[in-house]
């Protein structure tokens, strides 16, 4: 998925990154500063729209939304709902990695198993999973279990695909080279195939994180008794814009942080790559 | 070599057939006497009977038309806005440096969170699905447009300039073909995401459409109908993927790009 | 050449034939045909010839990476089947350094494969890096080095294995001309210092003459050795050797030998070849007659 890799194309050489010897005039014009202006401009536009143009029933200005965050978090059950959702995310992520890794290793280990089962897995991955959400809710109830399962079904496929792909795209010269130096089968696996697989695997983890987020949150919004879905439902039923926007922004921020962490880990483990 | 690969293919085919039979057998066994509750998993015969009914009465046409309309609208908006904006941004390194990281990090936000807001603003009708589909599909398209148009090899541009290309010639004879594969894969991803998000939003909150049909059948405790609609959606998704793959291959061949490059 | 004693022999190839694919099938390739060759200990032997003439095939046979369809290959008097990492080290044309390891780790891991103790591994890593002038780059990753430095590191890895024989398959093929010259000079110094047996596949006439004690010229497919030219010049060879009459004569001789083989290997270039290489063409016709 080359598109998602674009996220990595951060620009390390902006004047800001080079340290403090940069004059202020230049700093103020740096892309990083300009990004802040863009965000500020969007917030101001939003504020103006919400205050003067749109019916307050349908929108809330950011000043109110952010000012209300403390009260929102103080509401009984909100912090618990956030923790529950975080727990669902963590459980789904871990399970997706474990299940994906096991299936990926099994499928990728021989040429035959790869040819026989990989297309089937790709086909399953292509199924719009939201169609089975009602079944999962019927089967596992509206508690955390259905969200975890739905997160896992979204998250495990990227792990499988990344594992199989990275098992199979080792350049033959590395295998030949290890063989010529007398490496045993185990040594070839341990010192050649395994380190080669690491970056691809972590790319899979990053995609798995996006998948798990979508799966768990979709499940939450569809039907929830105690998670954040319960609150989004309640706030939108009451046209409580301030709280609805508040909780949505909190979860969005958590999602961004999670993605950023996985991205960092991925970069760390692929630092030897170009 | 050719003989062994034929054998290989046969073996693979055989595995698939065996898997399918196993699944069908397990499904029948599970739904037999003393098996899984019928509300969770109806017998295969019941599902296929319902599927035949839906297909013969044409009951699926109306929800399909709604879903199709929403997808087309959402994708058209995402594609036109995404491509135009991406192209404009790509023309300046500074703009790329400002907007690309911003858009890339927004792409990591699960847009589904904002669906309740969409419903509040645009109602339960198709408009909320179109806006939501747009908000999901827009990001991969604009990011692909930026990366495709911004990373055209400078050698191509220089060569064209040295031969005296006009601005328009530069655009449609150099930039577009050079950026084509990346942009096309972004559009493909956008199309898939449009379909998924429209379906998802129909399941979450809607009055019509295929996603709603599935949700409705599950609420009505009519699992056979639910499974029949799931099968219909899966077939549509498979056809969509297949045709997008064909379109991408044709497009890439048109500009002389071979697979895997 | 006096017939060598068995003790002096590093590698002995007898009537080796290498075929790929089944006879009659479209994929069938007769890569090497009944080739015999002996390599003496401490000798620098270059294999040169048109693309696809089987020189790399012969090298892979000698290294045990391939097994001959018929014929035999003995290394140090022992029949070969499979790599002999205690006797033979490789330097490949393609970058074969593991990209996930630093330069030092790359050398270390090879020694690990050989079962070398930790302290000894550290010593050899340090020494071999020093001998190719890369001590300062021990902790760099391969991608951080230039192509020439990467090939130096690959050579260091081969040296660290402390084998008597090193097989080098177009090791400088991807490098630019200037870097190649420097690498060649260093390699000649290494020859003088260590007395290793080196077999070296190359496309470059100058490189072959500059480095080799003997140059084996291959004919076009099916590959076989057409002629062996001696270069009687002691290592280390100095840059001045390149401008000497001896060098130029040997290089011209090589050029003549190779020219019609090249033309055979690439049929459509025949016409141009006749026009542009008059002198060479005459002499090769003489030979054919």
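Labels for the chains are A, B and C, by order of writing; each one numbers its residues from 1.
We take it that a contact is a pair of C-beta atoms (placed from the backbone, for glycine too) under 8 Å apart; a residue touches a chain by one contact, two chains touch by 3 or more.
Just so it is clear, the model here is predicted, and its values are computed rather than measured.
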item	value
Most distant chain from chain B by Cα centroid	C
Of A-B and A-C, pair with higher C-beta contact tally	A-B
CA centroid of chain A to CA centroid of chain C, Å	50
Where chain A and chain B are represented by their mean Cα positions, the distance between them in whole Å	19
Touching residues on chain C, where the partner in the complex is chain A	63, 65, 83, 85-86, 88-90, 92, 94-96, 98-101, 109-110, 112-114, 141-143, 161
Of chain B, residues touching chain A in the complex	8, 11-12, 15-16, 19, 39-40, 94, 97-102, 104-105, 107-110, 112-117, 119-121, 140, 143-144, 146-147, 182, 185-186, 189, 195-196, 199-200, 203-204, 211, 214-215, 217-219, 223, 226, 229-230, 233-234, 237-238, 241
In the complex with chain B, residue positions of chain A that touch it	1-4, 6-7, 9-11, 14, 31, 34-35, 38-39, 58-59, 112, 115-117, 120, 123, 126-128, 130-135, 137-139, 210, 213-214, 217-218, 221-222, 232-233, 235-236, 239, 241, 244-245, 248, 251-252, 255-256, 259-260
Complex contacts: residues of chain A adjacent to chain C	171, 173-174, 176-184, 187, 191-192, 195-196, 198, 271-274
